[in-house]
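Notes follow the structure.
Chain nomenclature is as follows: A, B, C and D, assigned in order of appearance, with residue numbering initiated at 1 for each chain independently.
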Amino acid sequence: MGAERTKKDLNIRVDCLTRVEGHGTIVVDMKQGKLETCSLNVVESPRFFEALLRGRSVFEAQHITSRICGICACGHSLASIQAAEDALGLTPTAQTMRLRRLLLHLEILDSHILHIYLLVMPDLAGVKSFVPLIHTHNELVRRALRMKKACNNVMEVLVGRHVHPISLIVGGFTKLPQPQDLAMMHDVLTGLRPDMDATIELLSTLTFPDFERETEYVGLVSDDNEYPLLSGDIGSSDGVRMKKQDFQKATNEYIVPYSSAKHTKLSRDSFAVGSLARFNLNHAKLHPKASGAAAALNLKPKCANPFLNTLAQAVESVHCLEDAITIIEDLQSVGVNQDEQVVVGVNERMTLPVQAGEGVGAVEVPRGILYHHYQVDDSGTIEQANCVIPTNQNLSNIEQDMRALIPTVLHKSEEEITATLEMLVRAYDPCISCSTHLLDVRFMGR
Amino acid sequence: MEKIVISESNYQIRKARIVRTKKLTPLETLFEIVLDGDRSLDHEPGQFIMVSLFGIGEAPISVASSPTMRDSFEICVRAVGRVTKALHALDAGDEIGIRGPYGKGFPIRIFEGNDLLIVAGGLGIAPLRSLIQYVLDNRRDFGKAHLLLGCKTPQDILFADELDQWRRRMDVQSEYIVDRAEQDWTGPVGLITTLIPGVHLEPERTFGVVVGPPVMYKFVIKELLAKNIPEHQIILSFERHMKCGMGKCGRCQIQNIYTCQDGPVFRYSAVKHMSEAF
Amino acid sequence: MKRPKTAFFDFACCEGCQLQVANMGDTLLEVMGLIDLVEFREVMSEKWDGDLDIAVIEGSITDLHATERIKAIRKRSKVLIAYGSCATIGGVNGMKNSFDLDEVGDCVYGEGRWFFPTEQTRAIHQVVPVEYAVNGCPVYIPEFLSVLTAALQGIPYAVPDYAVCIECRMNENECLYDRGITCLGPVTRAGCNSWCVNNGNLCYGCRGMVSSPYVKGMKQVLEKHHVPIDFVVNKMDMYNKCRELDRNGR
Amino acid sequence: MHDIQYYLLKKRAFSGFISRLAKVQPLAAPVRRGEKNYAFELVTSANEISLPYIPTILPPKKYFFPQREVLLEFDTRRGLHAGPVGVAGPMTIFGVHTCDLAGIQCLNMVFSVRPRDHNYLIRKRKITIIGLECNDYCDEHANCALVNASLPSGGYDLFFTDLGDYFIVHVNTQAGDDIIDAVKQFQPAKEANLQDLAALRERKRVVFRNEVALDQRFLPALFDISFDGPVWKDLDERCLACGNCTQVCPTCYCFDIRDELNLDMATGVRYRVWDSCQTEPFAKVAGGENFRKSRLARQRHRYYRKFSYPFAKFFRFFCTGCGRCSRACMAGIKLKETLTSLISQGGEGPWKR
């Protein structure tokens, strides 16, 4: 394809976006210099989880919703459990919260590593996937796999496995780490530090497209000193602050006909969630080593270049690793109280009290805030369920970004434009299998 | 825990080499095998070996050749599962592992001087071929030999050329029958049991030797008994799932007997009361 | 040995089973040395539309488009591996079959449901023939490797046809029935090394049922434990709803 | 060897004994597992051990005949090279009840008849066994008295009996005597101690009665006439074929042999793994024929493998009375009930007591 200098017409269709979770397409249609269509479509077959949850015990919700997405299975579980506990009026113990935080750190770390190395890196290296990198950058691929494997090994000890955690349930954990488990986790994670340093160093040498668009960033915020991931209020860079129970106001979802995912907006036409949003909102609360990494990467708040989400992920990775090590050290010093182990059984033995109610879970998963919202009756059966996925929240923003980006790259060839657009979408780390779960649940015949 | 090399392990295999393969039907192939060091397998007709392919598994297979053939032996294998299918992908020159021979074979000493009525169904011809070859190689030592063979279709007949040779011999009688056939088949069609009434035999000195698929036994035995062959002169060989071949793993157990060690060849009189045998 | 051309394809699923592959660490590089990976959308941009030696299929078939797609893949693949519960038994996607399809769409998308026509969920073998199955939600990597090596050797792999209990006892877990909790282990196919029970949870039946589960006996056991049958049927349906389609024919 | 056969160990010296013993070589003992269960596990101190305990989930069989065990390591790059291996190290098992001692004795017989199983025999030689007497019945599922396993009859190196504030210890082998020497916390037993022991055994003879109204000498005869009895039909109605009963049995030894190929497609292992005759595919052959297709046949087979078939071959019952199968069965199939039904359906016969 020849490189036309100034285009009046542009027609791009990326039918099956690769190196993202799930199926999406990009459609750009420009006629006479006017952008008629510019959309990211989610064409994943919908799986209707919200509908399937009806009539199920709220104690099963975690197990089922974990299957919405294999990448952030722990995040879905955590959000689901939070919503269930909120509905039932249960308060988890401090130890449970600590362990959950540890788990979330590990998942964010694992997901970011996957994204940085296996999904984004090929773009920067100008190849199609990590496969050619096995030959050209073997140590790099090995490092990525090693880091992932380490996270996995730790999660295996903590909750049985990363994909669809086993011992993580409403009320706590069905199995708690023993002293030798803590020691093993500590060893593995401290052993990860050199790889993490190498990751930051590598990223500091790379250049990302220079593009900025003033954006509203949304994430969890809190008044304490902890980098908020597992709890907090909803906040935005435009100064919005609200309780998680009001999340529907923050995620005005609407359906667009070309996509099986819904779109959202808050103060403006769109907003962004995810690593960059969290960094922009909460950078002051990062672990010192993570702040150091941000400085090394020259990442400064408020950053409005969506391509740099990758760098924010790297900074968060450092934070998660360091904070995970701290949590384990804390646990080692106070010891794990094995009596807090909870008995599973979908509450067959009524070990946990049940009351009718409504609950919301809001958790920062790798790609942004994930909301689960359940309404349960007095037997603990779900009457209504609703999950709002980060990628859905980002969809409108991605489209806005594309609209802003296209005019700046029109001088390039169509291939290059396509590649840049794909790269933009990928920078958001969209999880399309997640995004086919929509709001506005109405139940017929109930 | 330390790792110990067990020099006398009974699970150790003997190396062997395929020297010739012959496709008999689309599913069955005959393999001629030589043991490492050109040693003789030294088996009895009716005994079996464990054929071993590393990374795939082991399978019990009857020796299909007579011990009179000393330098090599043959097995006839039907491709049904992991080991047997993988075996079919091998060719002359390839190595395989062998354990055994295992089990009790046909009581050939007792057969000597007596008449034999051999009834083979399908793949049952494999162990029986070992017996038949042995009898032919020592023809003087035995009385009359009568072979009945049943197959599903004419295309399934194994060792058709050898059968033809035997048919031409004056000292063996053989007949075969198929369940189903196309027009060009001139032989009889039906169940193997229909051949038995027509056989002329002296029951007190005849041994009926029966090997075939499980369903066949009941009906054939009934016919043999009708011919007045005594129960202890009816000899059967059983197929059972086996893993160790050494009377331990439990798969081949028929009530209180282990097919791999106490069999696979049994006298009807010894197993007739066992409901799990048939 | 020529490395077989292999591709991963995903249908309706969470992609967790593919992630299990990415989680193998160094083992993944060993696997990559054995196969010629030509398409794996989740981590690769390369595409392949020629013939395939091995197609690994993740996810269930839930709409007409998917039906057409899987048929096309089948046509150009020598060996098809159904990978993960969604593919082998329908998995969690099968729960949809308990509901009226229009109503399900309505529930999630309201008026927008017409954009998303959906069909009854089916496992892969309920649409096209399948050579190998790797059960589990998610798949158990040691079992995947056994299946892969079998496929590379061209020999069959049989999914264990006995209960999870067998493995659970070998791992010396305390039986959940001893603690008054019902578990689907007695009717679920083994092969996962009783993963969930080892970690303090119960078996949800994600690997599908043994070929002849003794339903009447299971009901008696539940009665003895005063567990309502509906409760357990509901639990069984979490993964095994599509089994009904096997019974009723395709 | 000293001529003293009985020693004393004061209860307060027990924990010192255990920690020293654990230093000599790895030590396994019963520990609590979950709410109602126990398991043999490696321990280093006495406070981890549960005494008393009811039979563990798995019997100590797992140390002699592990759940999964490598038989051969192969490397086809070296031309079909295979090295037969076993994995074994010296260890001590403390606290083995008489029923489990009987179980080990049964397995010893099975694996030492020719062709011998050297993997088992090597391990057996490396394990030191310390028995522990049950002063009372563990629970209603046990039937050790029926099969003569409630009192010690060999199969151990040392045997402990709890007599209040001390253990009396019977030394049976040189290996046992070596422990006495090494640990140095034992004193020779006095006549009074032996009398205490005799009194306990006397009391046990009364408490541990044959639980089923059956004369055990005639058990094989009862089984001989019961093959087609209606008892099995009842089991068929209830059994789920889950295999729990056989997996926990101290005398079940069926196994499967499988190959595992490494990803280099050349090296790997051949291993055996416990299997169960209760599973449907166990006795199925290639043609699809299954010689124990019904749950009835499989359950019956299990009982005959305990009370009838081994009696003919080894002259002993392969039921040790531990009660594990009854405890493990979620369908509530109870060995003692089955035997009782057998008797009532067997009609008049010498077996009726």
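Throughout what follows, contacts are C-beta pairs under 8 Å (C-beta built on N, C-alpha and C of every residue); 3 or more make two chains touch, one makes a residue touch a chain.
What you see is a predicted model; the values in this text were computed from it and never measured.
**Q** So which has more C-beta pairs touching, B-D or C-D?
**A** Of C-D and B-D, more C-beta pairs in contact link B-D.
**Q** How many angstrom lie between the CA centroids of chain C and chain D, rounded to a whole number?
**A** 38
**Q** Could you tell me the distance, in whole angstrom, between the mean C-alpha positions of chain A and chain B?
**A** The mean C-alpha positions of chain A and chain B differ by 64 Å.
**Q** Between chain B and chain C, tell me the centre distance in angstrom, where each centre is the average of that chain's C-alpha atoms.
**A** Chain B and chain C have C-alpha centres separated by 41 Å.
**Q** Got the chain D residues that touch at least 2 other chains?
**A** Residues 260-261, 265 of chain D each touch two or more of the other chains.
**Q** At least two partner chains per residue is the criterion; list those residues in chain B.
**A** Within chain B, residues 55-56, 81 contact more than one other chain.
**Q** Strictly by the criterion at the top, what is the full list of touching chain pairs?
**A** After working through each pair, the chains in contact turn out to be A-C, B-C, B-D, C-D.
**Q** Which bits of chain D are touching chain C when the two form their complex?
**A** So the residues of chain D in touch with chain C come to 33-37, 39, 57-58, 62, 67-68, 237-244, 247-248, 260-261, 263-265, 273-274, 276, 279-281, 295, 328, 330-332.
**Q** Within the complex, which stretch of chain D touches chain B?
**A** 71-72, 74, 76, 79-80, 82-89, 110-111, 113, 115-119, 122, 227-228, 253-261, 265-266, 268, 270, 272, 275, 277, 282-287, 289, 291-292, 297, 301, 304-305, 308-309, 312-313
**Q** Would you tell me which residues of chain C are touching chain B in their complex?
**A** That would be residues 149-150, 153-156 of chain C.
**Q** Where on chain B is chain C touching in the complex?
**A** By the definition above, chain B touches chain C via 55-56, 81-83, 85-86, 89.
**Q** Which residues of chain B touch chain D once you look at their complex with the stated criterion?
**A** 1-13, 15, 54-58, 78, 80-81, 84, 95-97, 213-215, 239-241, 243-244, 246-251, 253-256, 275-276
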